[in-house]
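Each structure below appears as structure tokens.
In the two complexes that follow, subunit A is the common piece, with subunit B as its partner first and subunit C second.
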Partner chain A sequence: MEKREYKKIVEKNTPSAPKLRNAIIAFLIGGFMGVLGNFLVDIYSFYFNIGSKDASVFMIITLVFLGCFLTCLGFFDKWVNFAKCGLIIPITGFAHAMMSAALEYRKEGLVTGIGANMFKLAGSVIIFGVVSAYIFGLLRIFIMGV
Partner chain B sequence: MTFKYNNVYINETSTICGPYENKGPLAKYFDKHYDDFYFEQKTWEQAEIKSIEDSVNLLLNKINLKNSDVDVHIGGDLLNQIVATNYASKNIGIPLIGIYGACSTSCLSLILASNMIDKNQVKNAIVTASSHNNGAEKQFRNPVEYGGPKKDYTTFTTTGCASAYLSNITSNIKIESGTLGTVCDLGITDVFNMGAVMSPAAAKVIYDHLKDTGRTVDYYDLILTGDLGEVGKNILKEYMKKEYNISLKNYEDSACMIFNTDKQPVYTGGSGPACLPLVTYSYILDKMKKGKLNRVLIVATGALMNPSMCNQKLSIPSIAHAISLEVSK
Partner chain C sequence: MIYFNSFIFCGLVCLLGQIILDNTKLTPGHITSIFVIVGAFLDTFNLYDKIVLWAGGGALVPITSFGHLLIHGAMDTVNNFGVMGLFMGMFDLTSSGIVAAIVFSFVLSLIFQPRD
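Right after this comes the complex of A and B.
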């Protein structure tokens, strides 16, 4: 049988993901994360009497901590699995990816285990985050002059 | 290639399972279970080693033999360098043939052991096949605690070890013949759809077996494939009909039997080298001994998946081996 013909059999029998449902859940939970982030920024800037730029750093630290802490408690993976991009795209997804890799390899030593494997999933995010920031920075200079 | 055996029997089996299998529909058929993934060890890999040691020790106890009485141990698992089997063998102390056939390991080990016993090269053999859900996830996929979404049609690696003791001493389960499979690849690259990857290999080995023995599917009371899952099962049926013009009757898949796919969070069923032997050595042999099944063809299906090769955009090959079991009169 040709590969193309077999692919048709496979596609016919493989259920497709409920994309609309997933998108709505991700939209709602992702939106809630945005609201939570903004709420934290407001709270921090109000109580600590700091600018919103500093307060957003505090907000990021809080969300990263929450992502890591809940991952360690062992149930955040089920939340992520349910919310999908709603929790993966925000900074919580990054924290979750790093912490889950660190947990996985913690018994293989600090350097050879945690150190070497912590960025297994999240390493790409950092690399391409830096690369794209650099490119957009250059574009900004060339186009806008600042 | 089909081998016919005259005097090879399964005398005894032992099965060790993990927490999910123990909540599945076949729980009461397993000899021993553990309630968490660590099996009283420090890591998942060590837990798998422990499951193999436990399983073989239990088997030796059942048949009242010492390790020095057994001529050869043939076994394998999913981990790199079949490390669980190799490490377990340190304590088991039986001459070892370590094999890798991914999830087809169980039938491959049965074929190798049967060949040696049938030709009187050895008088008896122990075969093992093991897998560990978290150990396999760690090696082949993402960290276990990472919740990045998986496709709904993926399968869930079984945790446990199943062993069997084979010899030329007559028992009620006879290994009648075995067919070695060929590696197939129909271009599937989706690492979540292992059922689709393995179906062509399963179909090929079933066809080869029936052709070599001159039988039809009606000859068997049950044809049991390894770990295709609900999705793979349907793909195999349709592919078998279109490619070989064979309609599978009395057909089941052990992936769908070991777990309750409606109630347990296991996607479309079990997988892993331990899946088929856990079902066969406990539930199926029990049914055969009670006379409910007389002739069973078990087909262990293995996806020869390697993450590096998948990253190099190569499709995933698969292999399957078949063993025909009969109730001896």
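Right after this comes the complex of A and C.
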């Protein structure tokens, strides 16, 4: 059989992902994460008596910790499979990517394993963020002065 | 009301990501990178600050806020040092998230064994 025909048949028979269901779940879980973030900001600014800007830093640290810890316990992989972008787009997805890389390469040693591979999945976020922020920063200096 | 706004904004960002993930061949890594770039772009002209005012903590949870904080920190030092400030202050505001992720994942990976 020709390769092209084979490809056609494969494409026809792969089950199509339930797009609508995925989208609704991502919307609900993502929205819930947003509410949780805002709730944590309110809690921290109330109990530690700090401004909402400092409280949001605490909130990000809390969410990163939750993402890392739940990945270690093995829950988070299942939840990510279920909610997909609802948990990948929030900052927990960044923590999850780093944590699962660190766990996976743990057996290859501290330096060659964890040290070399921790940013394997999450590094693209930092690199593209820094490069794009630099370019946009230059643009803004040229266009608006500061 | 701000809770409702957080729900709507964070949910919409995740919905957008899910639609891109389902209908193209991009991986989750591509999508998070795209959203960071979008966040940096929106904050270039101070649009993201208005979203943060409207949606509160909900606007700081998605990965778009990472790009927003990167350029925000850079612009703060640009005010004092000119173009060289772009090199100096970029991680000022994001360092909390990055350091937390590095420290927690290093320490926890020493304690826990990988599942399956």
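One rule holds in what follows: the second predicted complex is superposed on the first by the 137 of 146 C-alpha atoms of A that agree within 3 Å, B and C clash if a C-alpha of one lies under 4 Å from a C-alpha of the other, contacts with A are read in each partner's own complex, and residues count from 1 in each chain.
One rule holds for everything that comes next: a contact is a pair of C-beta atoms (placed from the backbone, for glycine too) under 8 Å apart; a residue touches a chain by one contact, two chains touch by 3 or more.
Everything quoted here is computed from the prediction, not taken from an experiment.
Asks: Does the subunit A-based superposition show subunit B and subunit C clashing or fitting?
Replies: Aligned on subunit A, subunit B and subunit C fit with no clash.
Asks: Please determine whether it is subunit B or subunit C that touches the greater number of subunit A residues.
Replies: The partner with more contacted residues on subunit A is C.
Asks: Output check: A:13 vs subunit B and subunit C. Expected answer is one of first, second, both, neither. What do you get?
Replies: After superposition on chain A, A:13 lies in contact with subunit B alone.
Asks: Just checking: does A:3 make contact with subunit B only, subunit C only, both, or neither of them? Give me first, second, both or neither.
Replies: First partner only.
Asks: Considering only the touch criterion stated at the top, classify A:33 as touching first (subunit B), second (subunit C), both, or neither.
Replies: second
Asks: For A:84, using the defined touch cut-off, is the partner it touches subunit B, subunit C, both, or neither? Pick first, second, both or neither.
Replies: In the superposition, A:84 contacts both subunit B and subunit C.
Asks: Should A:46 be classified as contacting the first partner (subunit B), the second (subunit C), both, or neither?
Replies: Neither subunit B nor subunit C is touched by A:46.
Asks: By the touch definition at the top of the document, which applies to A:103: first (subunit B), second (subunit C), both, or neither?
Replies: both
Asks: Rounded to a whole Å, what is the shortest Cα gap between subunit B and subunit C in the overlaid structures?
Replies: Superposed model gives a least subunit B-subunit C C-alpha distance of 6 Å.
Asks: Considering each complex separately, which residues of subunit A are in contact with subunit B in the first and with subunit C in the second?
Replies: In the superposed arrangement, which is not itself an observed complex, subunit A uses residues 17, 74, 77, 84, 88, 97, 99, 101, 103-104, 107, 121 for both subunit B and subunit C.
Asks: Where on subunit C is subunit A touching in the complex?
Replies: Of all residues in subunit C, those touching subunit A are 2-3, 6-15, 17-19, 21-23, 28-29, 31-33, 35-37, 39-41, 43-45, 55-63, 65-67, 70-71, 74-75, 78-79, 83, 86, 90, 96-98, 100-102, 104-106, 108-115.
Asks: Would you mind writing out the residues of subunit A in touch with subunit C in their complex?
Replies: 17, 19, 22-23, 26-42, 52, 56-57, 59-61, 63-65, 68-69, 72-74, 77, 84-86, 88-91, 93-95, 97-99, 101-104, 106-107, 114, 118, 121-122, 124-126, 128-130, 132-134, 136-141, 144, 146
Asks: Which residues of subunit A touch subunit B in the complex?
Replies: 1, 3, 5-7, 9-10, 12-15, 17, 71, 74, 76-81, 84, 87-88, 96-97, 99-101, 103-104, 107, 120-121
Asks: Note which residues of subunit B are touching subunit A in the complex, please.
Replies: 42-43, 138, 142-153, 186-188, 193, 196, 200, 231, 234-235, 238-239, 242-243
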